[in-house]
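Look for subunit A in each of the two complexes below; its partner is subunit B in the first and subunit C in the second.
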Partner chain A sequence: MEDAFILKVNDISASYGQSKVLFGVSFNLGPHERIAIVGRNGAGKTTLLKCVAALLKPTSGFVVYEGEEITGRKPFEVARAGLKYVHQDKGVFQDLTVRENLKLSSYATGDYDWSKVFKYFPKLKILLDKKGAGLSGGEKQMLMIGRAILGSPKVLLLDEPTEGLAPGIVSDLATVFCELSENTALVIVDQNLSFISKIAQRVYGIKEGKMVVEISDTQEIQQASYSRFL
Partner chain B sequence: MKLSKSMFFDRRYIIVVVFVVLYLLRYVLPEAFVLEVVIQSIYVMGCSFLIGRLGLVSFGQPVYLAAGAYGTAFYLYYVGTNPYIGILVGVLMGLMVSIVAGVFLVRLSSSYFTLSNLAFCAIGFFLLQKVLVKYTHGDNGLWFLSKIDSTVIIDLSTTKGIVYFSFLIAIGVWFLYDYLMDRSVFGAACLAVKINEEKLRFLGYNAFNVKWLAFVIANTTAALAGSLNAIYLGFVSPSIADVSKAVEAVAISMLGGAGTLFGPVAGVLIFIGLKDIISQIVSHWELVVGIMLVAIMIRGEKGIVGSLEGIVHKSITKNNNKPVSW
Partner chain C sequence: MEIDIKLAISAFVLGLGMSGVYFLLTVGLSLCYGLMRVISLDQFFYYALGAHITYTLINITGNFWLGLLTGVIAVLFIAYSIEKLIYRQIYKKPIMFSMILSFGVNLAGVGIIKYIWGLAPKPVKAPIGGTIPILGTDVPGYRVFVILLAILIYLGVWYFLNKTIVGTAVRAGIDDAEKVEALGINVYKLFTLTFILAASLSALAGGLHAPMIMVVPDMGLSITSFAFMVVIIGGLGSIKGTLISSFIVGQIVSFGSLIWAPLANIAPFILMLIVLLIKPTGLYGSKYLRR
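Presenting the complex of A and B:
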């Protein structure tokens, strides 16, 4: 029987040196599903994504992607397998042009079809020769997501994608994420509840390194207040 | 063929022009000076690439230069007489040393990489001077000038032939680096390593492999320079790997503009030129060059070519958003 979930995070605990950050966190992600993880600063959201993307080795627990355990594998192997992480700091390569940023991703994935990137982010087409350092926050976010969707990843981990962006861009991103999920499952970590309520099919609340709530009813998600998740 | 404006700014044309002008300088300046400039430029190119494009400062360059020189010297002294095969052996020797050293050294970051390369250079010097003395003849060195056979097309047994050949090789090296730096995905990946290695991994790259390959290419280039130098002098001694020379390649790279295409040529021209001129006036020429280097670094970290690049970029590309890189 085919597994209903493309990603399973089982009982993950993690720490930075002596400081424990995650305590037995679990969640599952179905193909084409959009889930969100909400929590205060320091709750362990980014740490959780890093554990899933193999950037941080959990102290216990394991991650299964497409039926295979990926805990302990190298980050580039996980990325090549189609599980991509989009960092929260709008970290495009500043000294490289938009074209070079996209080329890098194309070469790594063997996917040179940039039309899908321009379909979601047409603005990038006119910015191709502009260096990363000269892009606005929104343009950087577009480039990061555009770079990540090359190679048609099966799972995208998006860390605070709306942070510092203008409301108009946030609204556009919501539309893009909904369209993207036709082919890619999304895990979105964000604190913007109105954004989350527009796109998430399931929301987890994380507090002090523990999952404290899970809401899967769309209506309930739209009505939920921030305090519900904390 | 119709000449377009962009053709004049195609760096491949500029490469040819620069080296043709440099070649013609031999009619004005001493031939030995011009040859030293071109061979040293090849030597510094790898170091400049590592610093400017990957952020890796290596104080071990003399050992890779020595690997090439000794590869060539061993072949010509002990085995054969064909200088082309000698150069090939030297380059292969440099390639092997770089591959093996890279496995260990490239894992290290920043100052650990820098100092481990320095230590590797010291080990190389010690091996050549003491441990392998039976084969290297220690400080007496290996003399093989009379063993170099004359060859067809470009006769490397003559100085004229070596000069001509070195310039052809230099143009080839610059074409390669032009491609590596700004026309290839590899060049972009190198810059990405310098900017943020971790983020390159998010895209599915093995950052270690990128650094290792760059390290091997850069140091094999140094070995090529060592081979050419050995053929020219017909002599090699352990002093080529002397640790005291370790800083020279780094200083020249910074002086000219690390990571720029023509930085090594400008740096070497100024460095050797000043050394030759100032050493005739004062005995401690290093002091003057040192002060000048500090002054250039204070003025801007981009070196001479890097700073010029900025000025030209502002003036030429006012209405054109395309980046300029030399």
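Presenting the complex of A and C:
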């Protein structure tokens, strides 16, 4: 029987040295599902995504992706398997052009079909020879996501994708994420509740390293009634 | 104070020869820090080992080029093993680990060189004799060869970094290795490649430098401070910066010795301090380079 979830995060705890950040966090993600994890700064959202992407080793708990446990695997193996993490800091490679940024992702995934990137982000086509350092925040975010969708990942972990972006770009991103989820499941970490209310099918609230709420009712999500827990 | 024009040209070419050696030795140091965030002091061991193997092979075969090539290849394999066995354990640790560890590898390596080759200075005959007239001054042909080879290697490294996909990945890794890994690229392969490239260039520098100096086990020690000045002035992780600062330091050392011998040692330090005060990342160091 096929598993209903493509990603299962079970009882993850993590720490940086002596400082404990996550305390037994669990969540599941179905194929093509869009879930959001919301919480204040320092709540442990980024740490959680890094643990899932194998960029940080949890102190306990495990992650199952497509029926296989991936805890302890190397980050590049997890990314190649189709579980990709998009960093929070609009971190395109500053010294590389847009073309080089995309080429690197093509090299990693073997997917040289950039038409899907340009379908979602046509602006990138005219920016191909511009260096990462010269891009605006919105353009950087487009490139980060464009880079990540090469290789047709099954799960994208998006860390604060709307941070610092103009409202118009945020609205465009919401549309893109809804379209993307036809082929890719999305885990979106963000603090922008109006953005989350537009795209999330399920919302988890995280506070001081613990999951404090799970809302799957569309109306509740749209009313952002979970904000009282954060 | 007047400097004879012929002497000045001679000093300029001498400086260029030294610049070539500095560049070959430091480009690897710079890339190792840029990509892996390690300070690889064992590069000075590979430099000395390259020179010693070149010396031995010349004695056996009489062929300098064969000696040089053997030195580079032997170091390549040794560096590969050291990277796999030792460096892999410390990439995620604070930078001080790499300094202490590579200092230990350097000490052990130099100790082995002393055990095998002894302490006596060894002369190596230049494979290219004669002189080449430049603006009426005869300059040693071998020095001109070293300068041209260094330029060729700079172009090769530049081509690799800017025109190949693996080189692009190395440049991206210099920016942020974790993000390269998150794309699905095995950064540890890039680390190995960069490390053996660095060590091979250090061995090449040692072999090429051998005919200009006496080959001794501690030869790496005497060049350490200049190498670090080159890397710091040029900017960590930048090969263009390394090339330019190699040129500057080579000329300062060469003309410094011509004007007043102690100046050769003092002037590069003063320049380094000035550069650090004005531009703490070095002349071409990336402001995006993070620790």
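By our rule, the second predicted complex is superposed on the first by the 226 of 230 C-alpha atoms of A that agree within 3 Å, B and C clash if a C-alpha of one lies under 4 Å from a C-alpha of the other, contacts with A are read in each partner's own complex, and residues count from 1 in each chain.
Note that a contact is a pair of C-beta atoms (placed from the backbone, for glycine too) under 8 Å apart; a residue touches a chain by one contact, two chains touch by 3 or more.
Because the structure is predicted, anything quoted here is derived from the model rather than measured.
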| item | value |
| --- | --- |
| Overlay on subunit A: subunit C relative to subunit B, clash or fit | clash |
| Which of subunit B and subunit C A:55 touches, first, second, both or neither | both |
| Touched partner set for A:130, first subunit B, second subunit C, both or neither | first |
| Partner chain in contact with A:80 - subunit B first, subunit C second, else both or neither | both |
| Which of subunit B and subunit C A:151 touches, first, second, both or neither | both |
| Subunit B versus subunit C as contact partner of A:184, first or second or both or neither | neither |
| 94-102, 148-156 or 310-318: stretch of subunit B that collides with subunit C | 94-102 |
| Where subunit A meets both subunit C and subunit B, residue numbers | 53, 55, 74-76, 79-80, 84-85, 87, 91, 93-96, 100-101, 103-105, 107-109, 147-148, 151 |
| Of all residues in subunit A, those that touch subunit C in their complex | 53, 55, 74-76, 79-80, 84-85, 87, 91, 93-96, 100-101, 103-105, 107-109, 133, 147-148, 151 |
| Complex contact set, residues of subunit C against subunit A | 165, 168-169, 171-172, 174-176, 178-187, 286, 288 |
| Contacting residues of subunit A [partner subunit B, same complex] | 53, 55, 74-76, 79-80, 84-87, 91, 93-97, 100-101, 103-109, 129-131, 147-148, 151 |
| In the complex, subunit B residues that touch subunit A | 185, 188-189, 191-192, 194-196, 198-207, 321-323 |
